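Two complexes come next, and they have one chain in common, subunit A, joined by subunit B in the first and subunit C in the second.
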Partner chain A sequence: MRRSFSYRVFSVANHLFLVLISLLCILPLLHILAVSLSSKAAATANIVKFWPVELTFDAYRLTIENSFFIGSLWNSIERTVLGTLISMVLCITAAYALSKENRVFPGRTFYSWFFIFTMLFSAGLIPSYLVVTNLGIKNTIWALVLPGAVSVYNMVLMLNFFRGIPKDLEEAAFMDGAGHFVTLWKVYLPLSMPSVATLSLFSMVGNWNAWFDGLIYLNNAQDYPLATLLQQLTAGIDMSTSSAVNADALKNIAQRTVKAAQIFLSMIPILIVYPFLQRYFVQGMTLGSVKE
Partner chain B sequence: MSTALKSKGFIALALLPALILFLVFVIIPIFWSAYYGFFEWKGLGTAKFIGFGNYNEIIHDRIFWNALLNNLLLVASAIVGQIPVALLLALVLLRNSLFSKFIRSAVFMPMVLSTVVVGLIWGYIYHPQFGLANFILKEIGLGSWTRAWLSEPHINMLAITIPINWSNIGPYMVIYIAALQNIPSEIGDAAEVDGARGWRKLIYVTLPIIWSTVIVTLVLCISGSLKAFDHVIVMTNGGPAHTTELLATYMYNNTFHVYRYGYGSAVSTVIMLVSALLIAVNYAVTKRRSA
Partner chain C sequence: MKWRRSFPLHLLVLPSVLFVLIFQYIPMGGIVIAFQDYKPWLGIRHSAWVGWENFEYIFTYPDSKQVIVNTLIIAFFKIVAGMIVPFTFALLLNEIRLVIFKRSVQTLVYLPHFLSWVILGGILTDILSINNGLVNQFVSWLGFEQIPFLQDGSWFRFTVILSDIWKEFGFSTIIYLAALTAINPSLYEAAETDGAGRWKQTIHITIPSILPIAALVGTLALGNILNAGFDQIMNLYNPLVYNKGDIIDTFVYRQGILGSQFSFSTAFGLFKSVISMTLIVVFYRLAYKYANYRLF
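Right, the complex of A and B next:
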């Protein structure tokens, strides 16, 4: 290939442009990290850019010592584990059923459309809220994990993966006298571990990041998951009315540097799994498209 | 065929939990929402049937129209700001070199962050006194450009589109890369032999092949922009004076702050209708173009 002068200029400009774009994506996170590691005075005097000013770990110390933060961290972990488990069991069983042909499972097409319909249309918030209230699961962890447990997107990916498994394997299992349950458990699942891992990861991240359900379904600030707590601290909503909350502790964690520390801490689990997330997201996309 | 019978039982059983949860938490609420839209109701006590009263009020509600306008602004900004940028990046970053992998990772990053984190980060950046945005403007001698980004009317909605686009370009880029990598290389080679290069190749060969993917992302863009909610709640909560109100935040504020459940339900039904309408329009337009 000929590499003319203008080609090289273009190439350099191109690379510069791309570096600029990626900086735009990363610098905001760096800024938050810098604020969280700066002194309180520096952060409110507007001199923190991308590097800490008057480096201190005070914000992190205050955060970690705060029982409020630790409590919500625990709530988040609990919700993520339970939510992921439930959602994976539902996803796998439903996808298995829907992966069968019409011959085996007559209503398949109808049920598939039933699920896909809601990928575009979600109901209003109000009726969902009323459903949760009427079921009596408000203020419990079930209000967080049940309503969003069925992810149609995950189900479609899983379904397509199941479809890709050769029919012969299933038939061999049936020949040996296995029913559907055993076939799913002993044949399909072991073969789909990569997909299961991928979707679990998506589900975990979704659960970890969700905050709005906590806000409307939970009345007590002590029950909030981390993401909800972060939102509430910034919204400046007075939480001292809720019992067992130390007003001083609240004031501490609402500081600018401390809030930044909390934002950053809440991102850490996501950043750790990030490399996998990105790769699997791509695989998930191709997984879904190939078999359509 | 006793095995077959047994197996049908299991299939039904396997589908049942997901089906019930879905029915209870997703499908029934859709109809409930439509139903409550015809009532005047405070969430407690008896609901009073008022026919199309709520809808009539919506038509004359200036805040509603403003919210709808803001949503349409989001749709426009998503279509202009997310799709082309994502496509451009995908085309440039198609190769699996280390450099392009790094850039891809960076661009995809904001997508995995919680919307509350994204909102808070940009809240920090936009802060009128301590914010990075104003600070940088002052540093480079554009002090007169500094703004109270999230509170000045006309500017605040535009300021809000930036974080939303920021966090949504990544996934679209990845979708396009996947679609582009699925194109057999023979097609590209054949096009070049026929003299199609650069822009011509992009417009006459590449784009038509991935057109169905583009349509899917357009639909996602539209429905996503109409449901937009989180970022605004975190950054401005629809204020000041409803200038950044979106349909969803307006519905939320009506329901959970002023306790007008009936009116909020009517608004959410309207959101669904608008969304269906826009998606239909999108299909009509893109279908014709691909024909």
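Right, the complex of A and C next:
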């Protein structure tokens, strides 16, 4: 293919422009990392750009020594594992049933609309809040993992994937005397591992990032997941000063470097799963189009 | 017999049905408090009924009118820019032949999508700080006065719209990139033999081919005209910018949960839900009719 001169000029400019945009996406993150690794003096003097000035790990040491932070880290892990597990079990079982035809599963249309309606209309914040309060699960981890456990969107993706699995396999399993439960467990699930992995990763990221439910359903800051704690810290309410152990240590460190360290630490799990996510999400987004 | 065969399937959907019933449908019953003067200690059964009073209050209370306006403005610009930017970016990315370069760009621009607004809010308040934050250092270096990105109402709206684009534009290009790969290569070959350059090919083949997808995405996005981004605003705003930056969802949260005005907030939330649902249904039907789009 021949390329005109003007196209080559455009091409060079285009490459440069895309590099610039990519940098814009990543530089703020690098800046925070650099601040978190800089000394208090350098951070307050605003001389830190994208490389640490007077390299020190004080901010990280202080963050890790903070019992609030470690506690919330544990709360986050607990919530992420529990939340992902529950929502995947719900998603897979319901998607399997709904992937059957009306002939095999009378009531399928009713169930489908029952779920889809919740995508269109929600009661809103206050009524949901009142239900969770009246159930008596406020101030427990269940208030975080149960209300959002069913993701209708994930269910739709999963059921479309199940539909792509050849019917012959299912019939062979039934022929051998297997019921629905065994077929799901022994035939469908092993074949759907990539989809299950994709949806699990998305669910994990969602759980890790969720902060608002922690804010409204938990009264005790000690129960906060990391995202909620961080939100409260960056929103200006500083709880680390309330703990006597850290009051002295805080004098020696710029608040800004500690905040930066906390931000960066809570980003790490996402950065770790990101390469896996990236491998799957394009696939995941087109998951729905896999049809027989 | 038939019932016995489908029984395990009913059993399999049952857990999800129960969850949705408890956490989605039962709250819908709680909507009745929008028509009451609900007091938690009296409960739904003993609270006084007030008819449409709470809804009338939405349109007479100046704060709530301002909040609706803010929501519409912020959401509108987000939707428009959220269409144009990814569309353009996908076209530019499509001109890149070097696979490793393309992949690297994609890796970097998709990343912000996966970070929460808590993290990004923390980062943005740091780099946009009025006291020599990173961005304002650059602004000073250019010879301008430092900009109150998060302290002035108008700048706040701008910051919210721009930072939302920054977070989501990369991820939103995926759908266009997928559409671009679906274009029949023989179209380009034919244009090549007719002597059309790359620019002409883009105008006459590439853009018309992905315009339907863009129209579809835009139509479905219009259903979000009342969602201006609760998570984002919550993590960026402060009392200084309530005037121009407060949106329906943050207002409902502050009045309802913090201020315990349960009935008024429920009414406001219901007002929003009903309009949103109507819009989603209308736009979905349009998409279905003209683009043959369906979710299933």
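To be clear about the criterion, the second predicted complex is superposed on the first by the 269 of 292 C-alpha atoms of A that agree within 3 Å, B and C clash if a C-alpha of one lies under 4 Å from a C-alpha of the other, contacts with A are read in each partner's own complex, and residues count from 1 in each chain.
What we mean here is this: a residue touches a chain if its C-beta (ideal position, glycine included) is under 8 Å from a C-beta of that chain, and two chains touch if they have at least 3 such contacts.
The model shown is predicted, which means the values in this text are computed figures rather than measured ones.
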Sharing subunit A, do subunit B and subunit C clash or fit in the superposition? clash
Figure out whether A:Y7 sits in contact with subunit B (first) or subunit C (second), or with both, or with neither. second
Identify the partner contact of A:G177: answer first if only subunit B is touched, second if only subunit C is, both if each is, neither if none is. first
Taking the superposition as given, does A:V156 touch the first partner, subunit B, the second, subunit C, both, or neither? second
Could you say whether A:A227 touches subunit B, subunit C, both of them, or neither, answering first, second, both or neither? both
Check the residue A:I165 against both partner chains and state whether it touches subunit B (first), subunit C (second), both, or neither. neither
Intersected contact list for subunit A, partners subunit B and subunit C 14-15, 18-19, 21-26, 28-29, 31-32, 35, 46, 49, 89-91, 93-94, 96-98, 100, 104-105, 111, 114-115, 118, 120-132, 135, 146-150, 155, 179-181, 184, 205, 208-212, 216, 227, 230-231, 234-235, 256, 259-260, 263, 266-267, 270, 274, 277-278, 281-282, 285-286
Which subunit A residues qualify as touching subunit B in the complex? 14-15, 18-19, 21-26, 28-29, 31-32, 35, 43-46, 49, 89-91, 93-94, 96-98, 100, 104-105, 111, 114-115, 118, 120-132, 135, 146-150, 155, 174, 177, 179-181, 184, 205, 208-212, 216, 227-228, 230-231, 234-235, 256, 259-260, 263, 266-267, 270, 274-275, 277-278, 281-282, 285-286, 289
Give every residue of subunit B touching subunit A within the complex, in rising order. 3, 6-8, 10-12, 14-15, 17-19, 21-22, 24-30, 32-33, 36, 89, 92-93, 99-100, 102-110, 112-117, 119-125, 129-132, 135, 166, 170-171, 174-175, 177-179, 182, 219, 223, 227, 229-230, 233-234, 237, 248, 251-252, 255-256, 261, 264-265, 267-269, 271-272, 275-276, 279
What does subunit C use to touch subunit A in their complex? 2, 5-6, 8-10, 12-13, 15-17, 19-20, 22-31, 33, 89, 92-93, 95-96, 101, 104-105, 107-112, 114-116, 118-119, 121-127, 131-134, 137, 166, 170, 174-175, 178, 192, 197-199, 230-231, 234-235, 249, 252-253, 256-257, 262, 265-266, 269-270, 272-274, 277, 280-281, 295-296
Inside the complex, what are the residues of subunit A that reach subunit C? 1, 3-4, 6-7, 10-11, 14-15, 17-19, 21-26, 28-29, 31-32, 35, 46, 49, 89-91, 93-94, 96-98, 100, 104-107, 111, 114-115, 118, 120-132, 135, 146-150, 155-156, 160, 179-181, 184, 205, 208-212, 216, 227, 230-231, 233-235, 256, 259-260, 262-263, 266-267, 270, 274, 277-278, 281-282, 285-286, 288
